[in-house]
Amino acid sequence: MYEIRTDLALEAREKYEQDNVEIKGVRLEKEKMCEDIRITTMVIETENGARSMGRPKGNYITIEAASMDDEDERYHRMISEQLARIIKRLAPKGKQLSALVVGLGNREVTSDSLGPKVADRLFITRHMMREFGDDVFGKKQKRVSAIVPGVMAQTGMESSEIIRGILRETQPDFVIAVDALAARSTKRLNRTIQITDTGIHPGSGVGNHRHPLTEDALGIPVLAIGIPTVVDAATIVNDTMNNLLEALAEHAPYGRMRNSYRSLDEVEQYELVRELLAPHLNTLYVTAKDIDASVNRLSGTISDAINLALQE
Amino acid sequence: MYEIRTDLALEAREKYEQDNVEIKGVRLEKEKMCEDIRITTMVIETENGARSMGRPKGNYITIEAASMDDEDERYHRMISEQLARIIKRLAPKGKQLSALVVGLGNREVTSDSLGPKVADRLFITRHMMREFGDDVFGKKQKRVSAIVPGVMAQTGMESSEIIRGILRETQPDFVIAVDALAARSTKRLNRTIQITDTGIHPGSGVGNHRHPLTEDALGIPVLAIGIPTVVDAATIVNDTMNNLLEALAEHAPYGRMRNSYRSLDEVEQYELVRELLAPHLNTLYVTAKDIDASVNRLSGTISDAINLALQE
Amino acid sequence: MYEIRTDLALEAREKYEQDNVEIKGVRLEKEKMCEDIRITTMVIETENGARSMGRPKGNYITIEAASMDDEDERYHRMISEQLARIIKRLAPKGKQLSALVVGLGNREVTSDSLGPKVADRLFITRHMMREFGDDVFGKKQKRVSAIVPGVMAQTGMESSEIIRGILRETQPDFVIAVDALAARSTKRLNRTIQITDTGIHPGSGVGNHRHPLTEDALGIPVLAIGIPTVVDAATIVNDTMNNLLEALAEHAPYGRMRNSYRSLDEVEQYELVRELLAPHLNTLYVTAKDIDASVNRLSGTISDAINLALQE
Amino acid sequence: MYEIRTDLALEAREKYEQDNVEIKGVRLEKEKMCEDIRITTMVIETENGARSMGRPKGNYITIEAASMDDEDERYHRMISEQLARIIKRLAPKGKQLSALVVGLGNREVTSDSLGPKVADRLFITRHMMREFGDDVFGKKQKRVSAIVPGVMAQTGMESSEIIRGILRETQPDFVIAVDALAARSTKRLNRTIQITDTGIHPGSGVGNHRHPLTEDALGIPVLAIGIPTVVDAATIVNDTMNNLLEALAEHAPYGRMRNSYRSLDEVEQYELVRELLAPHLNTLYVTAKDIDASVNRLSGTISDAINLALQE
């Protein structure tokens, strides 16, 4: 079946929502911080739910903040605090835990550089706490280390190989993986944060990871934090078709056209969409013009949150 | 009337070509360098032609090179040589001329940084020739100076104000303005160079210049060199509609649909397209994933060409 | 006579201070903000004073802050506020004044990139106030524009040519020039800010400006703000000789050596120092290892101050 | 004993050379490529020699090239070819070997960014050869992977921990470690390349590595390639003292001074030098003004050489 690509569980859920279908094994809770910030917790509870959603069992929490792409220090601090709260909730509990933060993605490609930029701005403590004792930063600071593994074209190695090696040598208690995501809807670009305790899955991220970074694969819990920075151009085309249908439904003059599209069966519709994709579109993507500034700002919001979450 | 935005004269011409219309006052010559590189010279000769094309009288030369976005040093050198030849053809003739190269665009936005990056890599000679004599680099070197004026949000000034001031102080004989462009077709991204002796016009470029940089405005000839690095997302939507029509024309099952779209008049079609544009799409653009590397490579190709053209 | 190079008026004054000489025509006031921050106002009041100090009549205000090279947001805000206060004091008074901020130096050389980085972070208002009226940001906001002229090797033009041209076109009321400086003492690196109403003089700055940017040269008042980011290696050698003499004075075993150096006359001492300078030292400079981070931090401190000073 | 710090074995040897001492267990061969390029092979053959030189047994090959800091493509290619030849000589022999290149140092500190920048420009093949077979690039290409481990302040981990982990996972046959070095003599800055088969030792490099990256520590051969980009400021002071002594020896008027310094015993001389070191000098270093451009250029020279050496 033709699958619209999205890294956001929330967007995968939406296709059902439109049709008012309730999905067995998937629980949804909405929380509103203020006019502008909405937090949605989705729990995929059963294997059935996992199949329906096309992703593994676990917690998927989404912060949607319409003004997150603006430059407003107070607003970003507020989001950092919410994100820190969620990280704490999903992270393993216990004393003197140590975390390895993995900044996934390609430092040289602006839209894929979120992970490396977050790693650059973390408060790194492991080396100091090993040298001067666990109390050097006060009682409740966790041991924090970080790595930017780079992408396969730069290193010749899978990120998972590099990370597995480092885990074996340094033995942290859990991993926080940060990555730039692809969304389905352009209105979510740079305005949504997803946090999940299910880790990173093959095919996800702007860089299309090939191997899982999950508790199953690595042996320790993996939190994944991501922000969508791109939309596949193919998705835009598809959205256009949907908008077209919507438009046709509402406006009388297009009635004939809408009916003719509707009269196509699903396979015919899919084939039509595929044909519409110009060959060059596969390597293109849609992003905001000021993506350079956005990624800088958002990497600060996430790194602040991680610093907060691991300090108390 | 609804105008698809493109900075390439070649693309403006294409809408007529499809309908096999010959345009009065516009002359077209095609030249093929090799399998892969095609050079098209368009001369808008009359005011009538200018009106039809929506741009001023003058020469518009386009180098299309399908492999230009690849990393192949020999290939890029070949393009640089062709570009140098064209620059020499369009530039004012004479002894001891001096050129000011203007790197337009925003250094901080990858897709708009072509101009500044070209300026960074030029062979600058004016200061040396003033200090040590016109022969310091051999008989035929032109005086070259360069400026990166920045964008209005950074400077609070129009690029045209900055450039006019510098022209008055330093009195060069002509200007070469380099800028990143917007194209209509995704297949031209990073694969086409346009050179024109008509300068820079309001509304053109990734950054949407507000004021002209033309011989009329500045008092000296202005060559403009550009490469399309983005396609407006709105253009993609429009292309999709066209592809849709094409698809409908060729495949029997969609015949009904095509006919119903065709039965809409031009205004209805336009309104339909506008409605399909999601509100966020206006600030979005489509670009290649490896735009960071492309801009670095292409800025080298152009600066090599300018260096060649001004040295002999 | 052999002159130790420094861009800090305070350091030029110090050579006299050591000898307890009072200098006619030079007034000195010291102010202490707290344990750590010291502000010194030096007024060169007469031509005599100017000759003694080797720089023109005017105000030279120095903020020395021992912790300025550390990462402490509150501390930097405090310095920004002091600096803003001084800028206001030295800037022309009047309603609806407009300022052009000039970021001098070379963006590509870390230790010389202070000026460009300050310009990047300013609150630019001129274009908005021209378009939407002088009240668009409230009553008291000045018109602010900014330019990064680049260095002669990049542009082929003197900074002064570029700036004169822009002044003529855009007619601001005064200039604020920001530049990286050379100091004499390594302990001042990244820890001192100099503000003067005498502008920029030939030979000053990390980049050794060739032409003045002064009220005489440009026709409007010029404030200059600078931070020393380098010490000439030659200065280090000279300091070593001084330390040597000090050491000799205090420790008995070196008495013979000290006496023999002292027995050299001034010219002999100078010749000795020159001989000690290895030929390569001339193009070398001494800087802090973390200069990249320091320049980023300090450019924020200065741009915040300028933003504050021009907003109320 | 007081040791002048240098990462160049050649410079450690020089102190003996000055005194015309032959060192047991150390063999020296000089080779001259042309007027300008000199290659010196030093072999430390015995434990005795290792003690005298303060570094382990093995080969230390130095390319000194006076124009290496200039921008001359042909010259750099010539150096790359020499360096490639030496890498091949020192690297393990055999079919289908795989190499991990480690780019040591701090990407964010210009003078310490040589290693990361070399890693950025390598021809990486491991992932392609694993996926498409060992012949995908022709018969003789080695498997190449690369990692930029970052520095401890960024990662919280020793470079050696990260590398050991990656070695265990990916099993390469040998390591090539690239690092920026500290030299003793300013005339060697950016003009000397050292290649050794003894790896990286604690205390070496601009970043002062804490743990060894040697065959003993990692279990596979380690080639180390480095270029000096800094001189400790303390070294400059010391050089000055030596120049002082030289100057005194040659010029009559300073005879008394020279004799008084010579009359100090070694400990007194050392104490004098220590006293002359200003407290701030410890964190300062001397580097070339155009270090940013130099590191970019030299990273290309080294990566070209590694690419050449591993391709045939």
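Worth a mention:
All chains are identified by letter, namely A, B, C and D, in their written order; residue positions are counted from 1 within each chain.
As a working rule, a residue touches a chain if its C-beta (ideal position, glycine included) is under 8 Å from a C-beta of that chain, and two chains touch if they have at least 3 such contacts.
All of these numbers come straight from a predicted model, not from anything done at the bench.
Matched by residue number, over half of the contacts between the chains of B-C recur in the interface of A-D, chosen from A-B, C-D or A-D.
Put simply, the C-alpha centre of chain A and that of chain B have 36 angstrom between them. Here the spacing of chain A and chain D, counted between their Cα centres, is 42 Å. The distance from the centre of chain B to the centre of chain D, each centre being the mean of the chain's C-alpha atoms, comes to 46 Å.
Of all residues in chain B, those touching 2 or more other chains are 108, listed in ascending order. If the chains shown are joined wherever they touch, the resulting network closes on itself as one ring, and no chain has more or fewer than two partners.
Note for the complex: chain D touches chain C at residues 108-112, 186-187, 189, 206, 231, 233, 236-237, 239-241, 243-244, 247, 251, 253-254, 256-257, 260-261, 263-264, 268, 272, 275-276, 278-281, 283-293. Only residues 108, 119-120, 124-128, 143-150, 152-158, 161-162, 164-170 of chain D touch chain A when the two sit together in their complex.
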